[in-house]
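Structures given as C-alpha cells follow.
One chain, subunit A, appears in both complexes that follow, with subunit B as partner in the first and subunit C in the second.
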Partner chain A sequence: MSSVVAFSVFGVDWEFLKPYIVLGLALGGVYALSGTGIVVLYKATGVLNLAFGAVGAAGALIAYWMVNHTSWPHWLAYTACVVFGGVVNLLYGVVFGPAFAKRDPLVKMMGTLALALILLGIMAWRAPAGGAFVRVLTLPSSSHYYTVFGARVNLTQILALAFAIALTVVTTLFLRYTGLGTAYRAIANDREITATLGVPVRRVEASAWLGSGLVCGAAGLLLADLYTSLDYTALTFLVISSLAAALIGRLESLWVTLAGGLLVGFVQSILTPYGSVTAYRAATPFVLSIIALLWMGRRRVVVFAPATP
Partner chain B sequence: MKSRKRIAGIGFATIVVVALMVAALMTGGGTAAPKAPYYVGQAGYANKAKCGLGNKKKAHGTPIKIGTINMLIPGVDFTTIAKIVNAYFQCVNDNGGIHGRPIKYIQYTEQLNPAQQSTLAHKLIQSDKVVGIVGNTSFTECGTNWAYYKSKKFTVVGAGVQAECYGKPSFVESNMGPRYSNIGAAQALLKRHAKTLVVASPSTISAYADQGVLKLAKQHHVKGVRVPVTLPVTDANSIITHLYQLAGNGGGIILDFTPDTAPQLLNAAIAQGLVDKVKWGSSTPIAFSGMAKQFPQFDNKIFINNEFSNLTKNAPDSNLWRAVNKKYAPTVGFQAFGQMGYMDAKFATMALLKIKGPITAKSYNNSIRTLKDVKTDILCKPWYVGNLPYHIPNNTDITVTYNKGQVVLKDKCFQIAPVDNSIKQTRIWEKKYKLNTK
Partner chain C sequence: MPSVDRPLLVRLLVIAALLVVALVVFPATLGGDWINTFTSVAIYSTVAAGLVVLYGRVGMISLGQIAILAIGTWIATRLSYVVNLPFPVLLLVTGAITCVIGVLIGLPALRLSGLYLALITLMAAGAVNVVLAQIQFPNGGGGFTARTDNPSLSGLKAVPRPSAATGDNAYYRYTVIVCSLMFLLAVVHFASKPGRAWAAIRESEPAALAAGVNITLYKLWAFALASFITGVAGCLLAAQIGQPNTYSFPTQDSLSLIATALIGGIFTLWGAIIAGVFMQLLPFLFQAQWSVNPNFLLVVFGCGLLQVLLSAPGGLIDQFPKDMANLGRLIARKVPLTRQAALGIASILALIVGIVLIVMLKSTPIVGIVVVVLSPVFASLSQD
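Presenting the complex of A and B:
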C-alpha cells in the first residue's frame, strides 16, 4: 500500500507527474539502447551511424508486413526485423567499411546518411504513407499492463528500459573481459597497430556492424510500438535523440550514454504538463547535448573517443 | 587494387539485391490505401450528377490552366485534396472538357515557408498564367497570399484551415475549417454532458482553431482548455496523459488532427486505458471507415464533427465522387479530404462552364463570385460565394461515430453555434442575399 505524497513541482502536482516519469524512462530506455549501439559501433569503426533509425524503421516495416499480410507466426516477424537490421548493417560495413576506413569521421558519417536516404526512399516508394491509411505495429507485450507508482505502464515499456540496462551491462562486460571486446578497444585506440599485431581488423569491425545492426533492429521494433504509429520518416529521425544520448556519453562511456538516453526521454516527457515550455520539448535532445558539451568544455581540452584512423 | 574493385562490385551488387529484397518484402505491406468500396446509386452509375458536360467525349485543344498550392509536412499531408481535384478534372476532360477544352491542373507543394508560398502563388499567376486557383489547403498559405490574390482579383476555392481563409475576400472554402469543426465537436460533447472541454490541435493553428471551443465552454459554464501540440508527435503517450489530466474523468477531449497524426493519439489513449474515462470528440478528418476499422475500441465513444455527408451516402454527388475517386485516384481512400477536393473541382467547373466568352482569369474569377444556391448532397445546405468581405458557406454539419468498422450518423444537420460574430453575420447575409435558399 503506497501513501500519497502531496506536493507540487513548479505548480504541477506530484501525482500528475508520476505517469510522465514512467513514460519518459520507457522511451528514454530505447534512446539509450540505440545510443549504446551507436557508441559501440563508433568505438570499433570510427563511424557515427546516421542510418540507425532508418534501418530499424525498415525492419519494423518488414515485421509489419509479415504480421498483417502473411500467416507466419509473429515471433518470426519480430526476429526478421532484428535480423534485417544486422544483415543490412553488416553488408554496409563489409562493403563500405574498408573503403572509408582511412577517411575522416565526417566522410564516414555521410556514407551512413546515404544509406539512410536510400532506405527512406525505398520505404516511401514501396510503402507510401498517407491516403487515410496508417500502419500500427503493436507488440504482444503491450497488452499486459501494470501499475507502477500509480501510473499505468505496459510490459513493452518495462522491457525497453530493462533491455537498455541489460545491454549496457552485457556490453560493458563484453568489452572488458572478452577477446573480441579487447580487440574493439584496441582498434578504437589505433587501428593500424592493432592490425599489425595480427588482429583480424576487418572481421572485428564486421562483428561490430552486425552487433550494432541487431540492436538497431530491436530498437526499431520497440520504437514502432512506443511511438504508437509506424511512421518510418519519424522513426528514422528519432536517431537524433539516440545521437544526443551518445554525445552525452562522449561516444565513449556506455553508462553515461545509458544515463543520457534516460535523461533525454525523462526530460522530454516531464515537460509535457508545463504549458509554458511544452511546445519546445522536441528541442530536448539538442539542448541536453549542448549543455553536455558545454559542461565537458569547462576544461580546456575536450576528449571524445578517438576516431579509428 | 583489382581485389578492391572486385569487392566494390560485389558489394554494389549485394546492395542492389538487398534493396530489391526490401522492395519485394514491402510489397503489399500497405503499399497503397485499401481498395475503396464502390457504391452505386439506386438508378445506376452517378444518377443526375456528372463530370462537367458528361458527354463521354475526350476534350482536346488548348488546355485551361488551373493551379493549386498544398501543404505537405511531416505529420500532415494536404495533397490528398489536390489529388481528388485532379481526378475530377480528369473526369471532366473525359467528358467534353470545358466546351471541348481540357483542364490542366498545375500542383505545387509547400512546407510552411512564407517566401516559398508567395513565390508559388506568383509563379502560378504570372508564369504559369492559370485562370484560377482551386484546392489550396495549408496551415498558413491564406495568411501569406490573401493580399496578392486580392490584388489580382482571384477568388481561391479551397479547403481552409487558418483564420484568413474565412476572414478575407480572396478565399471561399468548401469546408468549415478546424475552428468551426471543433465547435461542432464541442457541441456534440456538451449534448452528451461532458464536464470539461479540452481541445488539442497542431500548434501552428491552435490559437485560431481552438478559441471557438473555449468561447463555447464559457457560454456553457464548463472549464475549457486548449493544448497546442507540436508536430510531428514523438511521445503520444505523454500528450494523451496530459489531455486526460486536464479533462478529468467524465470530461471531454477534442482531437483536431489529420489521419497522419490522430491514430497515434488514439492508440496512446488505448494504451493508457483512457478510452472509457472521458468523452472523445474530433474534427472532421478522421471520419472514414479505415479509422473505424482500426479503432473498434472507440465504437460509439468518439463523436466526430463531420462537415460533409457520411462517406457511404447513396446520393448523386456522393456516388459520383466515389466513382471519380475510384477511377482516377485509386490509391486514395475515401475520406473527407476527398469530398473537399471533389466539391472544389465541381464548383470551379461550374464556374468555367458558365462563362460565355473567352476564358480568362478575369472571366473565371468573376464567374466564381456569381455562384450561389449550389445544391450538393455532400453538404447540409447549398453552397455559395457572392461578393462578400469573407465567406463561410459551410456552417451546418452532422455528428458521426464509429460502429463495427463503419462511420454512422449520430446527430443530423445542425447549425454551428454562433460564438463568433462572423458566423452571426454570415447567416444575416445568407438571408439578405438569398445565398442558400434551396
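Presenting the complex of A and C:
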C-alpha cells in the first residue's frame, strides 16, 4: 500500500505505469543510440548525417542476406554490417567531405540526404519490399528475456541502451584525453586555423567518418532487430525521429543527447495507456524536436554574418 | 511604337508555344495514361513552384512541402463531403485554409534559418504524417475526420471534378490552366514589391531591416503564397485521384521533391517545371514505357542533388546551357582544356550517359548506376 501511495504523484498511478517506463527506456536507448551517433559526427565535421539510418539499413540488409542465403557464420554477417557502415561513410567523407567543408551546414546536410536517396534507390532495387513478405533479422541476444518491474525486456534492448551509454562515455573521454580527440575539437572550432597548425585535417576528418560509420553499422544492426522487421524505408526515416534526441542536446552535448533520447522514449511509452492520445504517440519525437528547436531559436538576433569564403 | 524588350518577347513567345503544345497538341495526340501523367506533372510543378518562392526567392528552406500538399488534398476531400461548392470556389477555399495552416507552420521561420529551419519543417512534416496516418482521408464516415472503418458504397464519394471538365483530357487542360495561373501569381509577386522585399531578405536580412523592409510581414507572406499555391495543387490532386489516401504521399517524396527542385533549378519557375517532369514523367517513362525499375530514379536524383550542391547551384536550367557552351568551345578549340572545365562537363555527361545506360542495359543496370554515381564524384573533384 505504501508503495502505491509513494508512487501516486500528480494524480498519476505510477505503479501502473512502471512497465511502460521500462519499455520507454528500452525505446529511448534506440533514440539515444542514433542521436549520439549523429552528434559525434556533427561535432567532428559539422555534418548532420541524415543518411545515418539508410547506411545502417543497407548494412543490416547485407547481414540479412549473409545469414539467410549463405552458410557463413553469423558473427561474420554482423561484422560485415558494421564494416559496411564504416566503408560507405568513409568513402562519402573522403570523396565529398573536402568539397563540402567550407559550405553552410544546411548544404552539408542536403548532401547526406542525397546519399540517403542513392542508398534507398539501391535497396529498393536489390531488396524490394513486397506485399506480405517481411524480412526479420534477429540477433541471438533477442532470445534472452528479463523481467524488470513487470515488463519483459530482451538483451538486445539492454545492449542498445548500454551501447548508447558506452558510446557517450567513450566519446567524451576520447575527445577530452587523446590527441586525435583534441584535433576533432580544434577542427570543430576552426578548420582553417587547425590546418595552419599542422593538423592533417583531411585525414582527421576521414577518421571521424570511419568512426561514425562503424557506429552507423552497429546501430543499423541493433535497430533492424528492435524495429521488429527490417523495413529499410522505416529504418531510413527513423533517423528523423532520432534527431529529437540530438536536438534536445543542441547538437552539442553528448550527455544531454543521451538523456534526451531516454526522455523521448519515456514520453512516447507512457502515453500508450491513455486512449485519447495513444494513436498519436508516434508524433512524440517530432513534437519534442519542434519544442527543442523553438527553444534554441528563442533569442535570435539579427546580425551581419561573417562573409563566408 | 513603344520599344519592346527583346528577351521578354522571346520568353513570352516560348511560354505561348509551350502552352499551345500542352493544351492542344498533347491532348490530341497522346493516350489516356500519358494525359494523366501530364496532369500530375502540372500539379507537382506547382508544388515545386511553392518551393521556388520559399527557397529560391526568400532563402527559407522547407522540407515539409509534401505534407502541405497532403493537407491541401485532405481539406479538399473533406470539404467535398460537406458542401457542394463549385470547383473554382473549392480551389480557392482549399487554398485559403491551407494558406492559414502553412503560415502557422512557417511561424518558426521568423526565428530560425538554414539548417534549423530545414529541421523544424521536416519535424512538422513528420508530425503531420503521424496524424494523417491515424485519421486517414475522409471516406464518408461521421465526425470531423469523416472516416469510418466500414465505408458503405453509398457513403463513398469521389472529389468532384469541375462540371465542364469531367473527362481526363478536359481535366488535364483545366489543371494546366489553373497551374499556369498559379505560376502567373508567383511571377506577379516576383516582379512587384514583395519580390523586391524577398530579394533583399535573401541577400542580407540586416540590410533589408535597415532599408525598412518589414521582415515579419514578407517572410509570412512568402509562406502564405507558397502554401496557397500548394493547397490549390492539393485540391487539383484530390479531384484527379477522386478518393485520395495516405499511399498517395510516400515518405520519400519529400526528399524527391527537394532533390528534383534543386536539380531543375531552384531560382526560377522554369526549374519548377523541370522538377515536375522529373518527379512524375520520368517514373512513368521508366515503369510504363521502358519497363525499367523506377527506383533507379532515386539513385539518379541523389547523384543529381549532390552534383547540383557541389558545382551547379542554379540547377539544370542554369548549368546545362553553360556546360554545353563550354563543350562547344572545347570542341572548336577556342579555349584550352582546363581540369575544372573537363571535370564539369564529364560530370553532366556521366549523369546523362548513366541514365541512358540504365534504360538501355536492362539486364545489367549496375553499369549505368556506376556511371551515374561517377557524376557527383567528378563534380566533387572539380571543386578541389
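For the reader, a short list of remarks on this structure follows.
Convention: the second predicted complex is superposed on the first by the 276 of 309 C-alpha atoms of A that agree within 3 Å, B and C clash if a C-alpha of one lies under 4 Å from a C-alpha of the other, contacts with A are read in each partner's own complex, and residues count from 1 in each chain.
Definition applied: a residue touches a chain if its C-beta (ideal position, glycine included) is under 8 Å from a C-beta of that chain, and two chains touch if they have at least 3 such contacts.
This one's a predicted model, so the numbers in the text were calculated from it and none came from an experiment.
Aligning the two structures on subunit A places subunit B and subunit C in clashing positions.
In the superposed pair of complexes, A:L61 makes contact with subunit B only, with no contact to subunit C. In the superposition on chain A, A:F96 contacts both subunit B and subunit C. By the touch criterion defined above, A:T233 lies against subunit B and subunit C together after alignment on the C-alpha atoms of chain A.
In the superposition on chain A, contact of A:M296 is made with subunit C only, not with subunit B.
When both complexes are overlaid on chain A, the residue A:P19 reaches subunit B alone and has no touch with subunit C. In the superposition on chain A, A:P273 makes contact with subunit B only, not with subunit C. In the superposition on chain A, contact of A:L113 is made with subunit C only, not with subunit B. When both structures are laid over each other on chain A, subunit B collides with subunit C only at 146-154; the other stretches in 92-100, 110-118, 146-154 or 218-226 stay clear. For the contact definition in use here, the residues of subunit A common to its subunit B contact set and its subunit C contact set are 95-96, 98-99, 118-119, 122, 125, 128, 233, 279-280, 282. By the touch rule above, subunit A contacts subunit B in their complex via residues 16, 19-20, 23-24, 27, 58, 61-62, 64-65, 68-69, 87-88, 91-92, 94-96, 98-99, 118-119, 122-123, 125-136, 138, 142, 145, 152, 154, 226-229, 231, 233-234, 238, 268-269, 272-273, 278-282.
The part of subunit B that touches subunit A in the complex is made up of residues 4, 7-8, 10-12, 14-15, 18-19, 22-23, 25-34, 74-75, 77, 79-80, 203, 228, 230, 232, 234-239, 241-242, 245, 259-260, 263-265, 267-268, 271-273, 288, 290-291, 294, 331-335, 337. Put simply, subunit A touches subunit C in their complex at residues 48, 95-96, 98-100, 103-107, 109-111, 113-122, 124-125, 128, 233, 237, 240-241, 243-244, 247, 279-280, 282-283, 285-287, 289-290, 293-294, 296-298, 300, 302-304.
Of all residues in subunit C, those touching subunit A in their complex are 61, 108, 111-112, 114-116, 118-120, 122-124, 126-127, 130-131, 133-134, 204-206, 209, 215, 251-252, 255-256, 258-259, 262, 293, 295-303, 305-306, 309-310, 365, 369, 373, 376-377, 379-380, 383-384.
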